[in-house]
Amino acid sequence: MQVKEYKPLIVAFCCNWCSYAGADLAGNNRLNYPADVKIIRVPCSCRVNPMFVLRAFQRGADGVILCGCHPGDCHYTSGNYYTRRRMALLFSMLDYLGIERERTRVEWVSAAEGAKFAATMNDFAEKVAALGENKRLEDLRCKK
Amino acid sequence: MQKITRDVLVEKAVSLLENGSVSCVLGWKKGEFDYDITPAVFESKEELVSDFIFDDFCGANFSKYLVQKTRKVEGKILVFLKPCDTYSFNQLLTEHRFDREKVYAVGIPCEGMVDIGKIKAITGDGISSIVCGDTIKVNTIYDESFDINAKDVLLERCINCKSKKHVAYDELIGEEGEVIESNRFDEVARLEAMTPDERFAFWQNELSKCIRCNACRDVCPACTCEKCVFNNPKSGVENKAPANEFEEKMFHIIRAFHVAGRCTDCGECSRVCPQNIPLHLLNRKFIKDIDSFYGEYQAGAEVGSRAPLVNYTTEDIEPCDVFERGND
Amino acid sequence: MLKCSIDALNGVFAKIAADATLYLPTDKDGSTVYAEWSEGVELSNALNTAKSPKDFFFPQVEDLMKFKVEGKSISVDDIRSESEDFVVFGVRACDVRSFDILDRVFLVEPYDSYYASRREHGVIISMACSKPAETCFCRTFGIDCTNPGGDIAVWKTEDSVYWNANTEKGEKLLSKLGLEECSDDAVNAQKEKTEKIMSKLPLAGLTTDGFGGGKTLDLFNRPEWKSLSESCLGCGTCTFVCPTCQCYDVKDFNTGNAIIRYRCWDSCMYSDFTKMAHGNNRNSQVERFRQRFMHKLVYYPENNEGIFGCVGCGRCLAKCPISMNIVKVMKTIGGNAE
Amino acid sequence: MNTRKEPLIPTVGVITDVRLDTPDIKTFRVVTPDGKKAFDHMPGQCAMLSIPGVGEAMFSITSSPTNTEYMEFSIKKCGCVTEWLHQAEVGQNITIRGPYGKPFPVDTEFAGKNLLFIAGGVALAPLRSVINYVRHYKDRYGKIDIVYGARSKEDLLQYREIIEEWSVDEGVTVHLTIDREQEGWDGHVGFVPNYVKELGFDTDKTVILCGPPIMIKFTLAGLTELGFVKDQVYTTLELKMKCAIGKCGRCNVGSKYVCKDGPVFRLDELDELPNEY
């Protein structure tokens, strides 16, 4: 039997105005980043409810990353400032419950930063791959 | 142990009821034994005189009842508030959950409430009588008697009491207290100092006890949604039972998150948990983080204050930096 | 009557556990829970567990079936498997009666095969009480805690454990344990002692007068329900710690590649229990609160030859966040009203 | 593998026909994958239909037991399951289990009697099964009267069947009414309870009454005025159900479980139950 190489499944929530365009730019520039990064476009990083993050883990994600406009550049003026507070608290709580802190991340990626997007994803995927499968926030029913 | 007697409160309630200032009284009603006290609505002098009680078992916080009761009751409601209850009271007012005009709040001092679970752990089953005081006298049907120092069997929230000061009242009985320096974050810090594996094992063990009775949610003065996301089939996360470890964590993380920045640390969740899960440690983690990331904030300390999660500054900490600052 | 010494008890447990999974009450983090026995797991001395043993036959969450959906077509997978043999040790008399109450729901036509399978494969070893708590009122429902039912009854004294089989299933298990014959003097002495304590209990005088079948409308319309339910939080604590509450919900979970239909405990105290698309027939907490107690004290006995749907275990007395419970209800609206 | 039969496990059903009856009611024809009727039933009984992942709900079987080829369900769009069903197409699989509940006593108490059916809106669905059953065995019953009302002409369920089959049947009289005047409608206008009073039936009839609670309340008052007594009147209830076999406790009213002891009740039986339905 062939042993399948472990590739982490990564869910990236990207804001419509900056990071999603950044991801687009990365693609246009033929920059490589792992194919297992699944991008979910959201109107603003602030749209991401903590429940989305948990649900992504439940459904089999090994890492969850949020990408939004740089602070101060939010299309809706202040959405990403709220995201910053929320995710700071949520990630701290997940860590408190013993869930590996490297599985979650927030990164600010502008529409012009295609290279940063690709680099971020490569780095994040590498860190998550080092951790291995998500065991601490998994729902076994979804793995059958 | 309480400095104020039941008779003073009954007298106050009766006089307000009889002069028509209030139409009913939210208070503690004595139970079958000496410790099973039920929150109740009193509408007459007779009921107050025969059933009203105030002793070391009156932990219940009435603030949340005001949300429903003020909608139903004609006239004003008299409510007795211990210092910690007044924070929940203010927080609910901040969120416009009830009409302040319909409530007459009487602040009463509190010397800390005791935990019947802790008493039973000492005496065993079969308690026939309990006499409250600085030394609690317990007799059992097995002809044993115990003298227990009340300070040794306090509720968790009273051991780490954060304030003896009333932050809201129309009238105060007794003297104004002070905000206290408490050690309430010590246990959180102890957990933070553990390795992630130890923390995971700790919470896995604690949360696996959950039977999803929803008592923590239903008693919580910050959980006042008319329809909870976990009860709403259209929310996509509705669940009724802890189907597995994930759902246990999901419920408690999200519940703690929903009240983050609004939780006054009243400790009702841990008091009512039938499985004795230390739920306050989740809420306190958020409070501790908020204090250290965004400056000290006590929910409910003043009406109208802006909760940290609906606020921001341009210099806020980045999520990637929280681990350096949070666990120092 | 058979007997073994307390010191030999672990050896007996090992013999039982050799053929079937053995569960017993043990102390964990300050509360008493049922746990699987293995070397080193000690039998608790507490009166009873925080949660009732109904889980063994009617677990809180249970997968019923699986659906595969492809386009317009659906296939149904029966994922049931025959239960494996297990033994539950240390069930108190009140909880033994609760199984009888559940049987009358699940084992009447149409049979609930999930429950039935566990019931057939489970052996119940009951344990007589010798130190009842102030919250006990099993006698109110005619339960003798000194003489518990189950497949095997056990009496524990200071130095020995006495065993007596009540059923064929119990006989079969007991014969394999190699216990010595003995007289029942010690057991009788313990019974007598416990009986005396039972009559001293604070709830000893509680009776079911005023309740039972045929009293529906009279009790239903009593005005006291309003004040009793006034501060009810509408949580499910009483329901979930109750050994006889058996209402359940059936739900679907989409795993992404199949749909699991599972059932889980539900509570008539919850606001969405009877909520349907066009409305709710029990809109207020008064109605929901009344339903729970009317069901135990009136509806159930009406359908089951007068047997009440409560066993007096006292769990709801100990656990209700607002200390409202069936005893207060019975004293307020029943024949015990002061 | 457990070989015992488990009542909670449904079988697969196929929707072979969808008919739009009124703006919000569709009638679905359901058979097993091999084209047969899923099970036999009696008038008034129900079946649990479900769509995996959406939910399961109880529906009355609207087709008559005398139809041995398929079953029909008239379903109004009002909740998750029904909304989903309304967008289903022919060929869609669903799951089905049943039959559940106590049927109308068509072969006992109804035998030889004059029957008066009174229905409002979608409540014709459970009665249609009875009406077609008694029409099929017409010689076993006396005169049949049907009073049926809806908000408008478009809201009348099974309108074609009523006009083309029922009203031309000998011994069957159909009285239709709609709530408000409407162009192209020359029949009666007015609410069902008033119409029943206007028609002034003799009390030698057994009444089968089904409709929204408010209609039942006023129709009953009207019937009492006409001299009917409660043990002449039958109705069928509907409550939330999950197991449909009297175990999950949801449809419990008093000592009765609507899924098992109902849904058909005689009104004097309902009087003994708490008013929680």
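Every chain is named by a letter (A, B, C and D) in the order it is written, and numbering of its residues begins at 1.
FYI, contacts are C-beta pairs under 8 Å (C-beta built on N, C-alpha and C of every residue); 3 or more make two chains touch, one makes a residue touch a chain.
Keep in mind it's a predicted model, so treat the numbers as computed, not measured.
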Chain ID, smallest distance between chain and overall C-alpha centroids: C
Identity of the chain that, by mean CA position, is farthest from chain B: D
Computed distance of Cα centres, chain B from chain A, in Å: 36
Inter-centroid spacing, chain D versus chain C (mean Cα positions, whole Å): 39
Where chain A and chain C are represented by their mean Cα positions, the distance between them in whole Å: 46
Chain A and chain D, separation of their C-alpha mean positions in angstrom: 53
Chain C: positions in contact with at least two other chains: 249, 253, 266
For chain B, residues contacting two or more additional chains: 243-244
Sites on chain A at which at least two other chains make contact: 141
Residue numbers on chain B that touch chain A, as the complex places them: 188, 191-192, 196-204, 229, 236-237, 243-244, 246-247, 249-250, 253-254, 256-257, 260, 282, 285-286, 289-290, 293-294, 308-314, 316-320, 322-323, 326
Interfacial residue positions of chain D with respect to chain C in the complex: 1-2, 4-12, 52-56, 78-80, 82, 89, 91-95, 239-240, 242-243, 245, 247-255, 272-274, 276-277
For the chain A and chain C complex, residues of the former touching the latter: 59-60, 141-142, 144
Contact set on chain A toward chain B in their complex: 50-51, 54-55, 57-58, 71-72, 78, 81-82, 84-101, 104-106, 136-141
Chain C partner contacts - residues on chain B that touch it in the complex: 31-33, 36-41, 60, 65, 121, 124-128, 141-142, 205, 209, 211-215, 217-219, 231, 240-244, 271-272, 274-276
